[in-house]
Structure formats: C-alpha cells, structure tokens
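Alright, structures below, take your time with them.
Same chain, two partners: subunit A is paired with subunit B first, then with subunit C.
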Partner chain A sequence: MLEDKSNVKAWFYLAPALFLLTIFIFYPIFNALFLVFLRDYNYLQGTWEGFTLFENFLYVFRNQNFTQALTNTMIITFVSVPISVIIALLISVWLNSVLKLRGFFQTIFFLPYVTNAIAIGMAFAFLFNQNYGLINTMLGWVGLNPVNWVGLGATWGNAMFSLLVYVVWASLAFKIMVFLSGLQNIDKQYYDAARVDSTKRYRIFRRITIPLLSPMIFYITITSFIGAFKAYTQVIGMFGVRLGPPGNDKSLITIVALVYDALDRSGVPGALSEAAATAIVLFLITLVFTLINMQVSKNRVHYSGGGK
Partner chain B sequence: MVLDTVMYGDEKQNRRKARIRFSLVLTMLILFGIFVVIPFYWMILTAFKTEAQVLTSPPILWLNPVNWQFSNFATAMDTAPFLRYMANTVLVSSISTVGTVITTVFAAFAFARLNFNGRDFLFMILISTMMIPGEIFVITNFLTVVELGWIQNQTYMNAILAMTLPFMTSIFYIFFLRQSFRQIPDELYYAAKVDGTTDLKYLFKIMVPIALPTIITITILNAMGTWNAYIWPRLVTQQQEFRLVSNGLRDAFSNIAGRILYNEQMAAALLVTFPLLVVFLLLKKYIIRGVSRSGIKG
Partner chain C sequence: MKKGLLLAVTLLLVLTLSACLGGGGREETTVDIPDALPNEPIEIVIWHAFGEDNQALLQEMFDSFNEEYPQVTITQLGQGGYDGLRESTIQSIVAGTTPTIVFGYPDHFVEYLNGNALVPLDEYINHDVHGVDLDDFVDGFLAENQQYLDGNQYSMPFAKSTEMVVYNKDFFDAQGVELSRTTPLTWDEVEALADTMVGNGENQCDFMFNADSSSNFFINSSRQWDAGYTDGEGNILVDNADTRDMLNYFNGLFDEGIMSFPIEWDENYGSEPFKDGLVCMSQGSTAGTRYNIPDEESPFNEMGIVPVIQRDLDNASVMQQGPNVAVISDADNNQRLAAWLLLKHMTNTENTADFAMATGYVPVRKSGFETAEYQEFLSIVDKYDDEGLEGLSPSERLDLPFAMAATVAFAQVDWYQYDPAFVGRVTSSGARQEAGLAFEAIYAGTRTVEEAIERMLNQLGQ
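Up next is the complex of A and B:
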C-alpha cells in the first residue's frame, strides 16, 4: 500500500454528512426506541409518567383503525407487488425482443416514474369517476353498467380496486427500467447456444432468462415489498386526506397513515409514543417479510460467477 | 435439391413465425402502452375542457385543439398560488440538492479513496439504516425542528430551513457515488500524489469530472424527489404560502363539501406534472442510467 492511514483528513471529509446523519437519522432511531417506552409523554412540557414496556404498542393495536390499516396495507402489498412484477417482467422481455420502436416504447413505459403522485392520483380518481370517467365509459362499450368506484358512498372493494390499478400503474416504470437493463446485460451466448439447439421460446424464457434475471427479480421483489408496506401518498393522491371515498372515510387507511395520524395529534400526551410504536410495528412487519422473502428465494436465485 | 427445398421451406416458415411473433409482441406493447398513457391523456384532455364539456356523460374523448380552453390554467392559478408553490419548491429543491451533492461527494470520497480506522464498520452502519422506514425518523425530526424554533411563529426562512436541512445528505447517494468513485483506477491517485497534488484538488480535478454522470443523476433524482415531496412539507409548514406544489395541489382541490371542478383540478395537476415530464424527456439518459444501475426508488 502506497497510502498511509489518513484518519483526521477522512473525518474532515465525512464531517458534513455525519453531522446531518447524526441529527436526522441516528439520533431519531434511538429516540424512537426511547419514546416508545414512555408513558403519556408530553413533548410541549417535556414530561412523562414513568416507563412502560407494552402500553404504547397496545394503543396501536387498540386503535379502532388498526385492523383496517393492516388489512389494507397487506392487500395493497400482496396484490400489487406480484401483479406489477409479472407485468413488468413481460413488458421488459417484449421490449427487449423488438428492435424497431424500442426507444419510443421505452420512453412511454418510463414516463410514470417521474410523475407527481398527487397529480396522477387525482387523474386516476377522475378516470374512475362514475358519470364522467373513462373507465365506466369503456365498461359501457362492452355493455356493462357504470360502477361507483370512488364517488360518494363507494364500497371499500370498488375503491380498493381503483387504488390497486393506480398503485400497479405507478410501480411499473421503475421495475421495467431495472429488468430491461438486466436483460440487456445477459450474455448473448446463452441465447445463441439455445438457438443452435433450437430450444423452444418458452423454455428459453424459463431456463435462461428467468434464472439469469433472478437476482434482479429478487432485488425488485424485496424493495417493492418494502415500498408497498409504506403505501400512503397514493391514497392521499387519489382520495385526499379523507383516505377513502366520500361517505366511507378512512376505509383505505394504511399503517403509515396511522403514524401521521398520531403525529397530527402530537400535542396530546402519549401521541408521539403511539406514532413511534406504529412505525416500529411497521418496521417489524417489513423485516419479517423481508426475511421470509430472502429465505424463500435462497435456493431460487441464480448468481452467475464473479458476481458484481 | 431435395434438401435445398426443405431448408428453404423451413426458412420461410420461420420467417412467417417470426413475423407473427413480432406482431403479437407489438400488440401487447401497444395495449400496455395505452394503459400507461391513458392517465396522462385524461389529465391533459380534461385540463382543456370547459365545465360543460367535463359534465357531459358519456365523456368527450377527443377535443379539437381549436376548442381548447386555456383559461382553466388561469382559474387554477387563482384558486391557489401555484406560482408561489412552484417558486418555493424550486428554492427548496435547489438548496437541498446542492447540499446533498456537496455532502455526498465529500463522504463518498472518504469511503472510496481514503484509509481510516473504522471505515468499513461505519459504512456498514450507514447501509443498515437504509432498511429502516423513514417514518421512524420523521417523528423525532419533527420534534427537532420544533425544538430549533422553526415551527412556532414560522418565518419563510424557518420554513425553508425545516424543509431542506434534514434532506441535505443521503446515505443512498453516498453509497451510489462511492461505487462510481471506486471504479476510478488507483494509479491515477498515486500519480497525482507523486506530483504533489492534494486530496481536495484530486477530488475536484479528477474524481468529480469522471463521476459527473453519476452526480448529474443524483442531482436530477434529488430535485425530482423534492418536487414530489408531500408528507414532510405538510408537517412542517405553518402557513399556506410556504407550502410546496404537492401540498398546494392536494389542499386546493379537496373541498370536502363543494363539488370539484375537474377541469381546473386537472389543469393544476398538469401544471405540476408538466415540468417533470419536460425534465424527464430532456434528461432521460441520466435518469434511466441512474435508476437501472442501482435501483433507486424515487
């Protein structure tokens, strides 16, 4: 090694980032772990009534909206993630197989990546409008009756369906980008060899494309699960702070929404601890599913030698 | 002879098969492409309709550009100070992006190039915090900005500080940039050292220019992130006119009681979306490059 240790210098370079990270990332982690064990913490006065192990978690579970929030979050995650991963995979394989027009389609499919969640959520809400929306018009073309998707008194099922369409739509672009770049990195030799053996298309897809893309599929699945557990702004975008269709308020509430609900009540003693407890519950749920995910994919992910 | 015709027939059949396959793939791409474009189309179409046209059932699916009603944008701007919101957003986004780029360049340089005690350990700690949901930080960060006196009797300066300071660095971008920096051959560094170049000079004369595409990607993604920020600005701004575009858009068109004027709502949504689309089309290369390389969720 030509270089010697440059401790002082290194910390000087790290200082600006570490200073901010300490205040806004590290300290908040420890503080959340502290808040969650305080009884009736009042931040305005800086007082609390002793410590408690489970009380704040019990507040979370006893919150009248908790079951609804958990159910919604789970449905959003377990419906939107598999569907969007599969659609994105198909689209990227198709995109990769056409030469003509690829650039044009790429631009189209990447567009949703850059859009504002609130603005597009509003557009989706209007697409699903009962009388003036495009969706019901299209249903009319095939002879179906208009559905009250997101309007006054819309059912939970209809509203959830509309939300899921939006969530899937919004999450495609990112996945397609990652898959497509993965496909473009697959060594052409594999396909040439398969062609010499005149292997069937589907077999090539199953035996070459999927295994070689599996690290990316795995990566995307994990990050999408983590992202989907945090669903919130999409609900705000489509339904506003009401978190549900008019007359069915909070029917689409999510776990993250519960955190901000509690934060909005920050002046009330105990509310911040409840927010912290909710966020920690969310973290634990995410962690458990990430671990399950890793366990399940352990033997199915194929890492080609070298590994980058 | 016989063999020739067989092969020829095979070839012909293959070509026909390929053509059918191509048309099928194209059809699917077009169908999904329409699915992706529809919300944009619907937004643009509605933004140019008159109120009577919006309230026509079944809806009008095509508007002749001659009949576009541009006044919706003016009305939308009257409903809420969107220009003000945009100015706020541009300001917040510029400050936080400049801050982020500076802090990440320095930190990534230390992690990629310098040798110091505890480097790998510190890096591992940084990476492991990336799994923790942001809500855990938000709770305490809110208390911190309250403590700093940026919420009570908020001035514009306080609001800008509260919206920017917590976002002046990013572990993910440090990680991302470190990857780019590490690809620069060590020999360059040794050569520079022999020539007596200081680390700081080496960083700015050699490393930053080489890693410029990555830095541009970070700049774009960070700026776009601010443009989309909704939760934190809503939490820490105390006055309407300090808010950012997403908040302004959501608040202006959520009248609980009254009916929504969809053409104005969509005009406002288009105003917010349009700059993003322009940025995307102009800088597509950098965005795709950054996202597909590392998988950043925006």
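Up next is the complex of A and C:
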C-alpha cells in the first residue's frame, strides 16, 4: 500500500520530465523512423505516395557525397578521439601535479569549452592562413616553405589536417576537466605507497592512475566517439558553408552535413525522408561502434577503488 | 505492469503527435475576386528580406496605399536573408501561419507550389476593374514570372536588378581607353585591353576582370556560347561541346591572369579588391553599385559602369535578378484582393521609378523608365559626360553611380534572361550552386574542365 503510494508520487514527480521527453525526444525519434518508410513525403502538404522499406536509404547511399562524408566522418572520429583523449590525459596528470598556478592553468585549458565553436573555427582558419597565418610563420622560422592549408585550391589532405588540429584542440577542455576531477578523487594513499616502494613515475601512471581513472576514460571515449560522429559545427566554423577550401568545396563534408543538406530542400517531396534516413544511418554506425567500444572496454575498466 | 502502462501512455502520446505528419493535403487554390474591397478591417502581413533602408521605402508605399484604402493594415517583417525567408515561409505553410504576401525568387515559389500555397494571379491581372496592363512591364522580368509549368502566373516582378560591370575609370583613362555605356565590350576586346592593363606597373591591376557570382557567370556565359544549362523539367544540359568550349576559353583567361573570382581574395564579392585597385573591372549586380564606389583608401577616384561583356553582340545575354512578389493562398478573398491591389500599387509607374532611383534596382515597368523624374535622374550621367565631376552638385555626385547603373541596365533591357525554376530531387537552386562550384574548381585548379562537368552532372544526379 505504502509502496503503491510512493510509486504514484514518483510518477507524479516524473511526469513533467516524461512529458517533455516525449515531445522533444521520443516523438522526433519516432517521427524520423516513420518518415524513413514514406515514399515522396510532401512536407508542405503532409501527404505521401505510399510506403517503402529501402527507397530512402538508397537515396542516401546513391548520394554522390555519401562516400566522401563517411570517409571524412570516420577520419575525424578515429584520428581526433584517440589523440585528444591521450593529450587530455597527459595534460590532466600534469595539471594535477602542478602546485603553483593550478587554478590559472585550469582556467586556460577550460576556456575553449565556453567559447563559441564557430568563433574558434574562424580563429583556426586565420592561424592556418597561407599568407599571414601563425602556422606558416612558424614554419618559416625553421626554413620551411609556406603551406596552403585552407586557402584557394588547398588539397583535401592539408585541409583535413588543419581541421583535425582544430577538432583535437577544441575537444580537450571538457576531457581535461573530467579527467582532472577523476584524478583528484584517487586516494593519495596509493601514490604514497608507490613512492615508499620507489616505483617509477611511468609505472605509477600505468598501474595506478590509468586503472583508477579507467571509468572516466571509458566514459570520455564513448561520449567523444558519439560526438565526433556528429561532426559538423567544426567544419562550418573553419570552412563555412562551402564545407571545404575555396575551389575544393564539400571536400570535408560529413554525414551530419548530408542531413542538413537534405533538410535544406525541405520543400521538395522526399527530402525530409532522405534526411531522416541519413540520420538513421548515422545512428546505426554510431551504435555499432559504441557497442564495439563497450565490448572492448569490458575487461579494462576498473570500477572499484576510485575515491574513498 | 507499470512499465507496460508507461510504455502504452508514451506510445499513445507519440502516435497522437505523429498524426500531425499527415495533414491530408492542401486543396488546389481557387480564385474568387470581389468586385470591390469591403469597408471593413483587413490585415496584410508581408515577409521579405530587405534591410532597414528598403523597409522605409516600402513603408512610404504602404502609407500612400492607405490613403486610398485606409481599412487595410499592412505589417512588413524582414526574415533575414533570402534563405531565411524561404525557410520561414516553408515552415509557416506547414504550420498554417503564413504571411499574405511573400517576396522571393521563382526557385522558392515553385517549392511553395508543392504545397498549393500560392494564388495564381492571372484572373487578377485580367480583371476588368482590378487588372493591370502587362505590356507595360519589362519583358524579361515578366517572362521570369510567367515560366511556371502549369501556365499560370504566380508572381510579379518587384525589385529587379541586372548584372553590370564597374571599371576603374582612372586606370582606363590613363591608358587612353574610353568605354561605352550602351555598347558592350566583347571578350576579344577585354583580352586586348588586358595586354596593357594587367601588371604591376602604374595604372595596372593584378587582374583584368572579376565576376562576383560564379553561378551567374556560368549560366550567362553558357547562353553567350549557345551551350545548354537546364530546362524547366530539371534536365541538366551541360554535357556538350559548347559548354566545354566556353569553360576552356575562360580556363585560358584564368591561366593568363585576366579573369578572377572573389575566392582569389577569400571574399564573397569583388568590390573590395576592385576598390583596392587589384582588379580593373568587376561584374556584379546593379543593386550592389554602392559597394563599388571608391573610398579614401582607393588608388583611384572615379569608377565607370559598362554593360556585361559579351562573346558576340548578335547573341547578347545578361542575367536579371532581384526578388519578385507572390500572394499566399491561405488569405481570404478580401485579403487576397487587398494584397493584389497593394502589389499593383507597389509596381505602379511612380513607385517602381522612385524605388529604383533610391536603391540601384531598376524599374519593372517600361513607363517607369520614362517618367520625368527618372529621366532627370538619368540626365545626371549626360551632365557628368559634358562637365565632369566638377559640374555636378553634391547630391548629383552621390546619385551619379546609381544613374550610371540605371543607364547601363536600360541599355541591356532587351538581353535580360532568366534560368528556369524547377523543383524535384534536383532543384534549380542546386543546379545554380553546382554550376558556380564547377567554375570555381576550374579556377582553383582543383579540377579540369572535364572533371568539373562530370562532377556537376554527378552531383545533380544525371
């Protein structure tokens, strides 16, 4: 009886959240799923020409930019995530060991997180400018010729490298913050004991820090992979709506950009279904890699012992 | 049990919301025109993409309209740029919160027609009481608004512009070259001029010519070369020897440093490089005249304006652009009539001439060019030719660039062309974009002519 009463109360408290989740999360997801199976859905009229299983997916796969978008998305994900996780981890460990000015450095490293992604992208485009960018100036100091990173007719490789530098840099802040909070929760006794045994720093890092931080590393890796699969803002920030250097437009197109490209044709019958199908394809890709990630991490994540 | 109940409630909510997907469709628009506007309050909402200056000019037109029809309340709302306007209008059609009048391009209007959202204007145009004489409208502007495949006219021209070429008059004068405002240069002549005008010396530029819009340049050059571009059915017609010939010709000009696009300077328009003296001639819209006027930092004082460069004067072609206006079908019969009467008022002889003089657009009516005020406005150019800048009053000096643009626009009036609007898996706006990107890729050297054509066809699903 008492349990029933508290259950009713719980549902009552949950109701606003459930209501909002239904409208803003469940309904759009269901809608996207529904749209995928409509043939020539006319958004302006709310009508469609029957149902189809695969037609909208075929439009996605036949899209001339799909292979390029998939390639770019995969490269952004599988290059930027491991690199940024490792760099963030090293910076966090260093920050955790710094005694003086720690607050100052923490603020510096956290700044990108509270800065607009488009603004940062524009700043990086400036840094990589062929004629007056800092990167080429620095290359000049060591006697190297300037490189056309993001300018007129820049190659895909140069543009992708510039983008990856930006993506890694911009994604460090949140990771550092999470790792740092994880490091500060590791019981100092483990380190004291290691020090008593004169254990080498690298061994302490491998045997104590990494295992006790593994839940955080796992969490950050999974969410970073999911975030990287959705890369779009970074490309817009650095290259604008061209999605590539001038004269090499769309060379850095991503899967999310394909979704927006289809949505941009919302007045055209079938375009919304194509956008929905692209989103579902991205969801499935993300799901598969997340499951693989979870499976691989299963025996490597150490959940007990962190904190007191 | 509880979980089942939760699932059922959630599913019910989701399904209820999903019913919104199927609206049952909008019916074909039927037209029923009242004999007169009733003496009762009528509200009209207008969506456009104009900034504050042009909004003030529109408001003057609304005020004068209200003198005759005080019962009509007119509200104008800017929706950002034209992409924003199109997006807002599409959402409003879906949500049933449409404006009464919407500005836009035929590319947009054919999309709205997918939702039966526009009123065919033919019966209003031909109406005994409320009709209008289409013969007075500039043929090229009218043709663009009569291109819809079902044969109806869904829009009227309003703020029309055309392309023109601004040039660095000081540099040309120094080379002893005088250009005509009525007879276009040919590409052969531009090439010959480039021999002396392109370089690093005094009164020379890095590039002879810039085209602001690579899309417009592709489309208009295709016409000059008698090559295909698209048709109203959405076929892409660029896979032919004439298109290759055209692209190869300009590729040669790229290689020789004669021709450029704004991406050369990482710009969207060529006005800044032009004002900086980096390019001697720049092709852009008459509506953008003001942005090319040399400033204090420019290495020259005077600019001139000439018609769009042609391949062959017997096959001249010029892009026309600028928004048109349409009436949305959600309005009731009185609102539709009020909207039509307002469109008529906005495009009458006086208003189209006044709007043109103040903005750099051109009159949409032939009679607009012939009003005393407009002729006086154009006469500033003659006075300038006779007496030079010194002979002009300060206000005439300010008006001079616009008067020159208007003179050139009028000289080109018989050559105005439009590109067909279509909407399917491939849209006319998508084709325009790909045409521009193809030209820019050739310019940047990232694709050969053959590769650019192949990619354009692939991107457009051909």
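By definition in this document, the second predicted complex is superposed on the first by the 285 of 308 C-alpha atoms of A that agree within 3 Å, B and C clash if a C-alpha of one lies under 4 Å from a C-alpha of the other, contacts with A are read in each partner's own complex, and residues count from 1 in each chain.
Note that in this section a residue touches a chain if its C-beta (ideal position, glycine included) is under 8 Å from a C-beta of that chain, and two chains touch if they have at least 3 such contacts.
What you are looking at is a predicted structure, and each value in this text was computed from that prediction instead of being measured.
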item	value
Touching partner for A:N31 - first (subunit B), second (subunit C), both, neither	both
Of subunit C and subunit B, partner touching more subunit A residues	B
Touched partner set for A:L180, first subunit B, second subunit C, both or neither	first
Which superposed partner A:G227 touches (first subunit B, second subunit C, both, neither)	first
Which of subunit B and subunit C A:N248 touches, first, second, both or neither	second
Touching partner for A:G270 - first (subunit B), second (subunit C), both, neither	second
Touched partner set for A:I23, first subunit B, second subunit C, both or neither	both
A:N293 touches, of subunit B and subunit C: first, second, both or neither?	neither
Contacts of A:T199 with subunit B and subunit C, given as first, second, both or neither	neither
Partner chain(s) touched by A:T71 [first = subunit B, second = subunit C, both, neither]	neither
Common interface positions of subunit A, toward subunit B and toward subunit C	7, 18, 23, 26-27, 31, 35, 43, 246, 266
Complex contacts: residues of subunit A adjacent to subunit B	1-7, 9-11, 13-18, 20-21, 23-29, 31-32, 35, 43, 87, 90-91, 94-95, 97-98, 101, 105-120, 122-124, 126-127, 129, 131-134, 137, 140, 169, 172-174, 177-178, 180-181, 201, 219-220, 223, 226-227, 229-230, 232-233, 236-237, 240-242, 246, 256, 259-260, 263, 266, 272, 275-276, 278-280, 282-283, 286-287, 290
Residues of subunit B that touch subunit A when the two form their complex	21-22, 25-26, 28-29, 32-33, 35-40, 42-43, 46, 54-59, 61, 102-104, 106-107, 109-110, 114-117, 119, 122, 126, 129, 131-144, 146, 165-166, 168-169, 171, 174, 190, 193, 199, 224, 227-228, 230-231, 235, 245-246, 249-250, 253-254, 256, 262, 265-266, 268-270, 272-273, 276-277, 279-281, 284, 287-288, 291-293, 295, 297-298
In the complex with subunit A, residue positions of subunit C that touch it	2, 6, 10, 13-14, 17-18, 20-26, 86-87, 90, 93-94, 111-112, 114-117, 263-264, 266, 423-425, 427, 430, 437, 440-441, 443-446, 455, 458-459, 461
Residues of subunit A touching subunit C in the complex	7, 18-19, 22-23, 26-27, 30-31, 34-35, 41-48, 59, 62, 64-65, 151-153, 246-250, 265-270
